[in-house]
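Worksheet for the structure shown next.
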Amino acid sequence: MLFGDSARAFGTLGVVLLLLLAIVPARDFFSEWYRYQKGYLRLIRGRDDAITLQRRFEGGIHQTWIPELGVVDRCGSCHVALKEASLRNVGIQPFRPHPPIPHSLDEMGCVMCHRGQGAATTVEEAHRSAKESEDPMVPARYLESSCGQCHMDKPTGIPRLNAGRTLLTRYGCVHCHSIVLPDGVKLAPTDDPPSLQHVADKTTREWIFAWIKNPQAYSGTATMPNFQLKDEDARDISAFLIAQSTMLASSAAPASAAASDAAALQAGASMYGESFCASCHAIQNAAGLLVGGNVGPELTRIGTKAKPDWLRAWIGNPKGYDPETLMPHYRFDDKQLTLIAGFLENKTDSDFMANVKLDQATPRQVAHGKLLVTEMGCAVCHEINGIHRPDNFAPDLTAVGSRPLAKIVFLPEMPRTLAAYVEAKIKEPRSFGSALKMPQFNLATGQVDNLVTALLAQTDRARTLPARLRVAGHASSNYEPAGAAGRLMRDLNCFSCHSINGRGGDMAPDLTWEGSAVQRDWLLKFFKNPNTLRPTLIRRMPKFNVTDQEAGMLTDYILAVYQTPAFDRDSPQPASDASQIEKGRQLFYSKYACQACHIVDPQKDKGYIGPTLTEVGSRLTAAWIFQWLKGPQTLRPGTLEPDQQISDSDATSLTTFLMAQKGHAKTQEAKHK
Amino acid sequence: MSDQKPFQAAIESDSRKAPVRIAFVTRRTSPQVKAESDQYVMTWPEGIFRVLVVCEVLAIILVTMSLFWDAPLEGLADPMQTPNPAKAPWYFLGLQELLHYFPPVVGGVLIPTLVVLALVIIPYFNVNVEAEGLWLRNRGKRLRIFAAVVLALIVFLIVFEVWAVLAPTVLIAAAMLFAAREANNAGRFRRWLILRPLSFWIMTWFLASASLLTGIGTFFRGPGWSWVWPWKE
Amino acid sequence: MPPTIEGYWNDLRSTKVWRSVFRSGTGTSTLHRALAVQQNVFLHLASVKMRRRSLAFSATWYLGTMSLATFLILTATGILLMLYYHPSVPQAYADMKDLQFVVSAGVFLRNLHRWSAHAMVFLVFAHMFKVFYRGAYRPPREFNWVIGVILLILTLFLSYTGYLLPWDQLAFWAITVGANIMSAVPVMGRKVRFLMLGGNTVNANALLRFYVLHCVILPLVAGLLIAIHFWRIRKDGGLHTGQVETPAGAPNE
Amino acid sequence: MRPALVTVAALALMLSFACQRPAVQPVAKGPATVPAAIVEVSGGKQVSTIGTPLDQPLVIQVNDAQGAAVAGASVRFHSAPGVIFQPASGITGSDGQFTFAVALGGMAGRYQIVATTTGASGKAIELRMDELALGFEQNQGRQLSDLYCTRCHDPESTAERVSNHDNLTAQAHAFSDGAFLNKMSDADLMAIIQHGGPALGKSAEMPPYGRTLSKSGIQALAAYIRAVADPPHQPGEAVYAQR
Amino acid sequence: MEQSKDDVTRRGSFIKIGIGSLAVAGCGAAVFGYQFLSPNVLYEPSPIANVGKPDRFPPDSVTVDLVAGIYIMHAAEGFYALTATCTHLGCLTAWKPDLNIIACPCHGSKFNRRGVKIDGPAPRPLAWLKVWVNDEGDLLVDRSTPVPQDHFVRV
């Protein structure tokens, strides 16, 4: 009857159309952001500061537009209380104020850090975009990844990102994957996989077999990943590695038989201790805990791995085998060498290679091993004779944080997020297919999270940000000391622990201005017999057995070259009259309470955070002490001692007091005991 | 209408020539136009109201759709990333489906051009404007032509493996043969079919093929233009 | 008589101003009704009287009317949408998001435009088939049929050009596929594609060209042809009655 | 015929029940004894960062009224939205214990984790454990604290870090010492960090950090101290628990 | 006859209902058309301009910020900011250090450092804008908030 009575149809349909059209504005009225704003007004109604909050509240859609960052944020339409600090104890989103951060919300917007779709005004679209090409919000767990879009320095407050970036280089990820930071600096690996060109000098085929099958069985801290090799493949690879190895003349030093009696072992153990090998190397103690540093490899099973001749040659001169090694060249004499090598050779583990029985390698095995080594990319990390280092071996991860989900193959039952994918890929790479080359790394959950954080920072947006936002990382210095002293410093590998002019490790004090700080006699003596200055330190400077001539040369070089331009080390010492000393003592003990951290009188003082000051008067120059008291951080950035704003006169008195601490008698006594 | 009256105005159209209205007026009479008052209605309000009602119905349908069914919006266009399958708008999917069977020149150019040309010339193609049933005259001769054309077409379609068009072709051909049988004691439907002219058959074949191709392209084509069942996700 | 809404309404209609605008009077006589059509700029394309049969739903299914209605809806919604649209890359896509998220009733208008566009393509196709099966293309309406075919192609083109404007994946790849079909035309295909896209790939130029085509050129041409189409309906004898012109001797139901 | 059969069958059924009843032992459904309490074994009061898993898993034990462990008790966990449990429910082992990992939610603050089991007559027994999620600022304070403060303020020594706490004549308060530190105002707390102990009439063994740390660093330290206070510092911090 | 009359009135009322609802829909469309046409968000630069640390501006200096369209003055009494838009017809004025005036290039209006008109067709002095210092110690100017003259900000 549609057209039977067109008037009736016209009237009825007109009403229906009107009702339908009335729904259109209703949809706006019931929009999510409007509902949340009403909820906010309900929430603040009962509060004491309701009037203030209501006055500050503005209805409607709130937009932050930052054209130069490409940010359009409407998050504030629902998160209306981002700047209301007084609502800090409101545990309900979206009404929580933003916790304090070093950036202004108006200048950065929300999506720069939290990602997600800032332009959306619905919960679902803004937080978890349904479109595969659009960024969902980054989970709080990986939030620090956003900091890495601008920060190439390593500020405190983002430990996860900093640790993650360190892991990327330390675990050698960047050997295979190329990763360029947003500021254009390509990450370089900081691990140092050994060259395998002379591997047969060092170890046996059986050890290689057992090692590549499971490196962590040999050493729990080994960074080499597990390639999950089949027995035949490990057999062939070990055969090839032995076959390609060439012999180094230096490794074939004649060996006097290592003494293995108990007394010699005991002497070797104390040699190991005296040489402070534990500063860098760890050995499992009886309880199975690792004792020692993690700079060098773990030595618990070194006797199983290293051939005795090689071990002696290596300790005798590490650079003879590996010119790039961090290990210092101890000047051990033959007897010492025998003792310490004997001690290490005894560090064996019969279980490690118990089941390894390898027949003579056939040429076919060697050929197959070479094929495997080539295919698996061993030469990306290790130098191997006859195999070129492959370029572009694994996918470039420079923009992995912006990889569209459409380009990702997810495993079934896996959350369809980039973070989940990257995490799974790091945790169990082979779960994506046994034919994949990426090996299994030995990482703790926290480390995986850190790596994911560092990788998610590699976004497309990061590279398009204005350059003024970028905070560059510390450029690595390639400082090289010159001359004979320079050669000696390289031989002793001072830079493994000490940092000078921006180059070197952070295990020991920065020596950039050491020449201004110390007195000649003390330094000379210190080289001959390094004693530690800090009572609680585990890592200590080893005794390198340098000759008098070497020690003298090094001392002169340091005093001459490593001088701060800020003051003259030889500026006259303040008069050391007793009253000044007494005043200094008063200041030391009461006004500044230095004994909280330092020891001047070993009988009385107990503080052991800072160096012991019992003989500081014969160690440091007066000028250095004075300047140090005036501002420790200006002399050695990052040092723990707080700047106490000590006045000149107080500093003078304290300097006088400290310079009076010669401490000869006491140390002599201590030595006699 | 059947009883003869002395003055009868007749309107006829001679379709072979340009159609004109001719009033035959008998000698010594004047033309008398009989107003068919019951046949005509005033445009206002009868016609206009009907149009308004139709527009209201249409508006209601479209507004309802718009209220409860959002227009699609995918991610930002990315030339680096082709969705699989990349589909044209639905009304071109028949064409895209044809491209799956024929080389581009045939499927993308020849066939559409022919279709448009055919549509344009239909009214000028002065065959059978009276719309007489295809089989009412020269049945034997027409059957032979029909057999030749349909066979050629089927062979052509089989050679190109165009199963999607083959099916309606066979179906329509069968219907034509069904209509072509002797018209004794024909049922209502067949009597109706018998009266269909050639153009009806061609258009119906075109409509069926186009609908089927569009439907297949829209619903049954997945990644790599492979066949998928829409209900199997 | 107490003042009623109707009273005021009638008063209004008899004012000089009203009469100067709407020239026909208020009466319900045939004359008045005829004048209502004749003197209205929109309605005068129609004749004053129509055949009763042509008004029956079965005669036309009102497909032409509905096609026109969708065209008008599309024009209205399209003009409103243009106010929030920048034909540039990638701002066009951001504008879609704005329509969805911050413009009052923006998403409704976009939906209405989109669905009306699909509806128009469908209705125009259906209109064509209906006209064909009713035989309404036959002389003297053959030229109007040709215009109709051109309008069909224009409708397809309007819809196709509008498809690119959101600049999303759907749009981009649909247009890419469509443009590649076109480039298959021998000799001039590549040139046509080049001219249409303003380049070799679907990019900012293509977006701008499609925008101008979609918003200016094609609607103008379509509007002109629609006017001719309607005028010709009347000149060719009004709407087809829907009577099947059966040859003599055939059974007539 | 049929009624007879039914009677016989019914009789047989009754008989079988009657005979069986004394023989049936109470089937060990659920725990052998009834849970009366849940106690925490380990894992409470941990400090973590927002959204991250706690370092140590939480271990709880279900005990009966006599204090003996209840094996096979079903335990469920819940907390504020956003907290993820792995697993979220389970059955206690033979030692009555159950271990689960927790990742805290995305907002900084104290999270209350509730372990629930069902006691006698369906009564719910709950154990509430507090865990702390640090936000950016508090986390920064924690790092500064680890670097500058804990050597004196934390009485416990570790292998890497020997505590200096006992070497001081003044008593350094642990940062978790809420009983003492909560009484200090924010301004006092920041003043003592900035200007040293003497600023508030306390020992000079607390040196001034105003020139060593930035203002935001001192604020971060104060925020950290407030966050880890036990008992909790009242004004300010939100406690997330299930509503 | 009765029936037919009923019919007619019923018909009429349906038409009235129909026209009435279409009219209401039309009015509603106009209202929401207005809502549609008023943007809910604006892509306009924030009226608050951060001009940097106060020590950027030496004492007794006039600094032009062309991007923000303002002058930042550091006078003996403190800081103040003037809009750089001429009050005549909105041209951007220029600071002439040699003449110690602000001059409009379009129609020759001249102002002194305090924004007071010296010469020309400008109807009003240049507006003083709200200036304040935020927590980070940056100087901020709100271009949308005029303040009374001689409203100095000391840092």
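Just so it is clear, A, B, C, D and E label the chains in written order, and each chain counts residues from 1 on its own.
Just so it is clear, a residue touches a chain if its C-beta (ideal position, glycine included) is under 8 Å from a C-beta of that chain, and two chains touch if they have at least 3 such contacts.
Model, not experiment: these values are computed from the prediction.
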**OP:** Would you mind checking the shortest number of contact hops between chain D and chain E?
**Re:** 2
Original post:
Between chain pairs A-D and A-B, which one is joined by a greater number of C-beta pairs in contact?
Top reply: A-D
Subject >> Distance from the mean Cα position of chain C to that of chain A, given in whole angstrom >> reply: 67
Original post:
Using the average of all C-alpha atoms in each chain as its centre, how far is it in Å between chain B and chain D?
Top reply: 75
Subject >> Cα-centroid distance, chain C relative to chain E, in whole angstrom >> reply: 43
Subject >> Overlap residues in chain A, where contacts from two or more other chains coincide >> reply: 2-3, 7, 10, 13-14, 17, 21, 24-25, 27-28, 61, 63, 74, 133
Subject >> In chain E, residues with contacts to at least two other chains >> reply: 15, 18, 32, 35, 40-41
**OP:** Two or more other chains in contact with one residue: find those residues in chain C.
**Re:** 55, 98, 102, 104-105, 107-108, 169
Subject >> Residue ranges of chain D in contact with chain A within the complex >> reply: 49-53, 55, 80, 103, 105-109, 135-137, 139-140, 143-144, 147-148, 151-152, 159-162, 164, 166-168, 170, 196-197, 203-205, 207-212, 216, 219-220, 223, 235-240
Subject >> chain A residues within the chain D interface of the complex >> reply: 88-91, 93, 96, 99-102, 139-143, 156-157, 159-160, 445-446, 449, 536, 538, 590-593, 595-597, 606-609, 631, 633, 640, 642-645
Subject >> Sites on chain E touched by chain A in the complex >> reply: 10-22, 24-25, 28-29, 32, 35, 40-44, 46, 136
**OP:** Quick one: which bits of chain B touch chain C in the complex? Just the residue numbers, please.
**Re:** 13, 15, 18-19, 38-48, 50-51, 54-55, 58-59, 61-63, 65-67, 69-79, 81-83, 86-92, 95-96, 99, 104-105, 108-109, 116, 119-120, 122-124, 129-133, 136, 191, 195, 199-200, 203, 207
Subject >> chain A residues within the chain E interface of the complex >> reply: 5, 7-8, 10-15, 17-18, 21-22, 24-25, 28, 60-61, 63, 65, 67, 74, 104, 106
